[in-house]
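Going in written order, the chains are labelled A, B, C and D, and every chain counts its residues from 1.
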Amino acid sequence: MSANFLYTIEVILNGLMAGVMYSLVALGFVLIFKASGIFNYAQGVMALFAAMTLVGIQQGQVPFAHLINAAFGTKIHHFGWTVPALMAILLTLVVMILFAILVERIVLKHLVNQEPIILFMATIGLAYFMEGMGDLMWGSELKTLDIGLPSGGSLWLEEATVGWGAEGSGFYGLFIDKLDIVATGVALALVISLTLFSQYTKTGRALRAVADDHQAALSVGISLRKIWVIVWAIAGFVAMVAGIMWGAKSGVQFSLSLIALKALPVLILGGFTSIPGAIIGGLIIGVGEKLFEFSIGPMIGGATENWFAYVLALVFLIFRPQGLFGDKIIERV
Amino acid sequence: MTTTQSNSAQVSKSVISGRASAAIQPGEELLRVENVSLAFGGVKALTDISFDIKKGEVRAIIGPNGAGKSSMLNVINGFYHPQEGEVWFCGKKRRSLKPHQIAHQGIARTFQNIALFKGMSTLDNIMTGRFTHMRTNLLMQAIWRGAAEREEIENRQVAEEIIDFLEIQAIRKTPVGRLPYGLQKRVELGRALAAQPDLLLLDEPMAGMNIEEKEDMSRFILDVNDEFGTTIALIEHDMGVVMDISDRVVVLDYGKKIGDGTPTEVRSNQAVVDAYLGVAHD
Amino acid sequence: MFYRQAGDFKTTYREDIHTFPLRQDRIGYYILLAFAFLVVPFIINDYWASAVLLPFLIMSIAALGLNVLTGYCGQVSLGTAGFMAVGAYSCYKLMTAFPELSIIIVVLTSGVITALVGLLFGIPSLRIKGFYLAVATLAAQFFLVWLFNKVPWFYNNSASGQISAPVRDIAGVMVTGPEAQAWAKYLFCLVLVVVLAWLTRNLTRGRIGRSWMAIRDMDIAAEIIGVNPLKTKLSAFGVSSFLIGVSGALYFSVYLGAVEVGEVFGIQKSFLVLFMIIIGGLGSIFGSFAGAAFLVLMPVLLKNIMVAGLGWPTDIAAHIEFVIVGGLIIFFLIVEPHGLAQLWRLTKEKLLLWPFPH
Amino acid sequence: MKLAKLATIGAALAVASSVVSTAAVADLVFPSLSYRTGPYAVNGIPFADGYADYMTLVNERDGGIGGVKIKLIECETGYNTEKGVECYESTKGEGSLVYQPLSTGITYQLIPKATADGIPVHSMGYGRTSAANGKIFSHIFNYPANYWNGASLAINHILAENGDDIKGKKIALVYHNSAYGKEPIRTLEELAKKHGYTFTGIPVDHPGQEQKSQWLQIRRERPDYVLMWGWGVMNQVAIQEAANIRYPMDQFIGIWWSGSENDVLPTGDKANGYKALTFHGTGSDFPVYADIQKHVVDAGKAAGNGDQVGTVLYSRGMYAAMLAVEAARTAQEIHGATELTPAQMRDGMEALEMTEAKMAALGLPGFGPEFSVSCDNHGGPGLGAVQQWDAAAKKWTMVSDFGPSDMEVIQALIDEDSSAFAAENKIEERKCG
């Protein structure tokens, strides 16, 4: 096989992997939008906050240490213990559930039945708030996230495919990052468990009912407030997973919150209300932007991925204004 | 009710008079649909419908739920384009036009579910109804002094006359979202009237009203028709009202025309009676 | 008690459609204008100009522009900063290509160029609605920033890739460049702000403004009344982009003087302008100003109180600033979801009735 | 209620304005436009700590400069241009002697503003490269090295490793797709003509969390060397991706803003061997650290947690402070005054001379290159070194001396760019000497 063909395959393969990473972020948006019609601007900051909390707990950091030191002249930083990764993840989950409860109590409760744009605005306030709060709690220094995830190219795949290239083409074998393989597994597990949860548990069914029709759900006695807490907690969990996956590569730092921008084109493409849409949208965006950068990028100066993802989504939207899997917009007179 | 009479008398005829139909005499044909068929996907909404609307009459379209009444109105005001058939307006065959172009030809309508501009006041809603009569361009609007202001004031006078006519002076500056249902319906009628249409389409103008409100609304409809000679086509469920106020009635069922004529004729039509009594179609 | 509607009768429609129907409002407005024009220029210093007033005035224009599109016409856009960049780069190219051209003409032409670009990106709005459109406008944002960064022609092939504003004057008074006096820059922006706000106000109260709002509130009904959706949406995109372009041009030439597109006109700025109009009040001229004031002044104020006033460490103050701004946004939304403008209206309504609440 | 609110706001504004107007004359004022928050806080914190700690040290140990205490005013910019302008305006009235803008965007803001206000700016290893031409940029200094020096230093390092022959070699540049990242391209292209290597530029869009395409391209094309002009999260991801594709780390060379502990730590052991340019020493082995420990950290006067002491960016902040202090000392000597004005400070910076003896006396032997500033050269000689990451020891080690860059090529570029700037802004060239 010609090297160029193999490179294309490699780009597509890696595009799919990148797409999975985008989907992980997009999932959190979809969950909240589906259940409450809120476009949660704070999703990216939630991922950052969760990852910071995870590292903070794992390394035994004292929350608000900087603030306490400044106020009382003390010099505390760490408790002096470390927490096993799994335990830290569970504790972070507890924090995210607490967070969901607080969001519901303090913010959402007061904004029931408001227009979407106002709820969107509230999540912006939330994003500001959490950004400041996260830094206050855990400091804005770079944190290395180490929960034993693998990284590096898969040697096995490279060796298995190195012979595919023609003699002298200098083909190395196909490249895939092991972290991406893990991410794919995690995404798969997430989607399956979310599907099982919504199909086979009482809470899950209630969740779907709310997503379909708020009023109807209320009339059969489903507590909207409870549902909101659950959804936000799940979204918090998804945010943590996204934070871990992205943070493993770059360390945990402010920029982690910017991954939300990578999820937006995925959302428009897949539709705000569809979990499979988030996955497939992510894959299309991932492959699309990588292929474009690979084939056209060099001719027009490169670094096209940011805008191309949006343009790709835009083109799709012109033909399907509700996204690939979004609920069809029906206009009645 | 007496106030209605006296108020309506104040409205000058020139205010709500026709324009494109000036050449057409009352009693002559204003609009005609010819063999109109409309389908969504495979579902037939209208099949081979033909009828006419004469200038100056109140024409009712009735039929059971799902008969295709709203679809018919949507065809007339250009929201749907029929796959087959023609629409003739003012003696000319109409090309496939967009709804906003049709509005400029002089057709206005109200909606089954109130379609007011919720963020705007009563006055602004009615002023928006004057849209087709306003001409000043963006630049003139931006500068305001001069042409735009003059135009605004002229049209404001018309809008105020309609407000007086419909007795909604007190809610002039209230955001329509805060108004009760009956008043919203009235404002919507006002907005449609503001366009000074040749043909006014009313989609269930009395749905959800109590008897008193229905009486009010019937009076307004008749007044509009009497005083200004506005041609009206309306959809209504309340048979009593329809028979009282309309000159001629078209009856649709399952997208087909099953009756056409004066209220008395229609009432004695067996097919119509069957449709309303729910006789099985076979 | 002193704020009264009573006795303030209108006898003509012309009076009734006045911007400030209440005489007291009108007087307050004139006093404010007089203060802004006659007093502020004499007491302004570099700090007030550069840190507070210039960003406030210029961002107000941008907020005004976005409010036309989003608040009045209902088309949510996240491409604001991209369009500001169009204004800024048009301004730069015009300033360097035609050094003799008056800065006023340059700034306004930049607005016109931006309006044309805005029209282009407004076309998809006919099919795409709501949040989908918002995210679609991000395509404009990212593409424009990429373009200005990538094509050297836009920054005259300078090695640094930055654009910097040459010195320009109006009747001998410098308004751009480092030597320009604070008062001159301030007055230049103030005049533009007042004129543009007045024009926008006129647009929003007449035929065009009502057609925008009609499209916003119920596009189908609007169409059946005779409003052409494409024309109306495009006119909103055009007017909005014009204002945003002017603000971008001023942001570059008068306020910053040197700009790197990715940093100054990044996606964060787009969000910031959107926040301004939502906090200030959608579909309100006053709201555009209130929102810009809130988001420009509040951080400066908080910082000055915490760092200079209370002597807290700068980083803790910065974090707390985020917490407070975020908290305030949520607080205001809970108190009054429709923004500061509505809060202001309700306060006035209460004042009108005070001290007799019923 | 409303009045009370207004009153509060009014009072607060009054506080704000009064803060601005109070100017202390008795101290030597050094503003620090730090960024301890925002997307680049990770890098801003150690720099700000180093800058502040050294100033504190001079105050505590020596009682200030020439007996006059230093007053450090920290102002948070969040690496944001608008906030930087606010910081500049709020501190310039307090007698600020020299600005370290610490961001490309803010530097470009301050070049005309500070020049007009007569306050010198020291953009050390960043900002506008052609500001090295002192004849045109009277108040801007960017000694001891700039980006174009950096590009040349990297090529020189490659030359040295290959016996001065790199004809036909492939060198790629992974750069932040911004004005900053594009800085070295021109120089690298010029040098490619001279040395006969092929050059490829690979841009990464901000913020740079996703670099698959770029690194797959590198994996395909296998350049002999990869240079990097990265910033923030882009650095960490690039180094991680380079490790993933098993790119030889010792052929991967970053600019000094891509060469801190923060950039390599997330990648762990696999980052071993990664190189970065530098224009100052690093590590805690210098005598000055004993003083900092004693007078600053132990005295509880450290600016941050104290956990950044000895890191690369802390060292850079400290180095910047040291150069500022030495320039102030020089200014005091020239003008025979202890209290300084910004104009005098500028003269001091222009006459600054760093010798090995001077650095040794300060407890920083061999910490930076020897250099001197002059009226027409504000950029110094452009000396720099290469450091390499030792992942096992978790520290950077110097692998070269402070060597020269190719000033022949660079000076031509500087002259060209600065005269273009002068023409566009109608600046007359100063007469020097």
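What we mean here is this: contacts are C-beta pairs under 8 Å (C-beta built on N, C-alpha and C of every residue); 3 or more make two chains touch, one makes a residue touch a chain.
Only a predicted model underlies this, so the values are computations on that prediction, with no experimental measurement involved.
Peer 1: Please identify the chain with the largest separation between its CA centroid and the CA centroid of subunit C.
Peer 2: The chain lying farthest from subunit C is B.
Peer 1: Compute per-chain Cα centres, compare each with the mean of all protein Cα atoms, and return the closest chain.
Peer 2: The most central chain, going by mean C-alpha position, is C.
Peer 1: Using mean C-alpha positions as chain centres, tell me how far subunit B is from subunit C in Å, no decimals.
Peer 2: 41
Peer 1: I'd like the Å distance between the centres of subunit B and subunit D, where a centre is the mean of that chain's Cα atoms.
Peer 2: 73
Peer 1: Based only on mean CA positions, could you tell me how far subunit A sits from subunit C in angstrom?
Peer 2: That gives a centre separation of 33 Å.
Peer 1: So, what's the distance in Å between the C-alpha centres of subunit B and subunit A?
Peer 2: Going by mean C-alpha positions, subunit A sits 51 Å from subunit B.
Peer 1: For subunit A, which residues are shared contacts with two or more other chains?
Peer 2: Residues 66, 135, 140, 301, 303-304, 306, 333.
Peer 1: Pull out every residue in subunit B that's touching 2 or more other chains.
Peer 2: If we look for residues of subunit B contacting two or more partner chains, we find 79, 111, 115.
Peer 1: Listing for subunit C: what residues touch at least two other chains?
Peer 2: Within subunit C, residues 146, 150, 220, 224, 313, 315, 318-319, 322 contact more than one other chain.
Peer 1: Flag every residue of subunit C that touches subunit A in the complex, lowest number first.
Peer 2: Interface residues on the subunit C side: 76, 124, 127-132, 135-136, 138-139, 141-143, 145-146, 150, 220, 224, 267, 271, 275, 278-279, 282, 312-313, 315-316, 318-330, 333-334, 337-338.
Peer 1: Which residues of subunit A touch subunit D once you look at their complex with the stated criterion?
Peer 2: 7, 10-11, 14-15, 17-18, 21, 66, 69, 73, 75, 77, 135, 139-142, 144-146, 151-153, 170, 172, 175, 177, 246, 249-251, 253-256, 258-259, 262, 289-290, 293-294, 297, 301-306
Peer 1: Across the complex, what residues on subunit B touch subunit C?
Peer 2: So the residues of subunit B touching subunit C come out as 77, 79, 98-100, 103-104, 108-109, 111, 115-120, 124, 127-129, 131-132, 134, 136, 138, 141-144, 148-149, 151-153, 156-157, 160, 191, 195.
Peer 1: Once bound in the complex, which stretches of subunit C touch subunit D?
Peer 2: 45-48, 50-51, 55, 96, 146, 149-150, 156, 158-162, 164, 166-167, 177-179, 256-260, 262-264, 266, 299-301, 303-305, 307-309, 313-315, 317-319, 322, 347, 351
Peer 1: Using the touch rule from the top, collect the residues of subunit A that touch subunit C in their complex.
Peer 2: Result: residues 39, 66-67, 70, 106-107, 110-111, 114-118, 120-122, 124-133, 135-136, 140, 261, 264-265, 267-268, 272, 300-301, 303-304, 306-307, 310-311, 313-314, 317-318, 321-323, 329, 331, 333 of subunit A touch subunit C.
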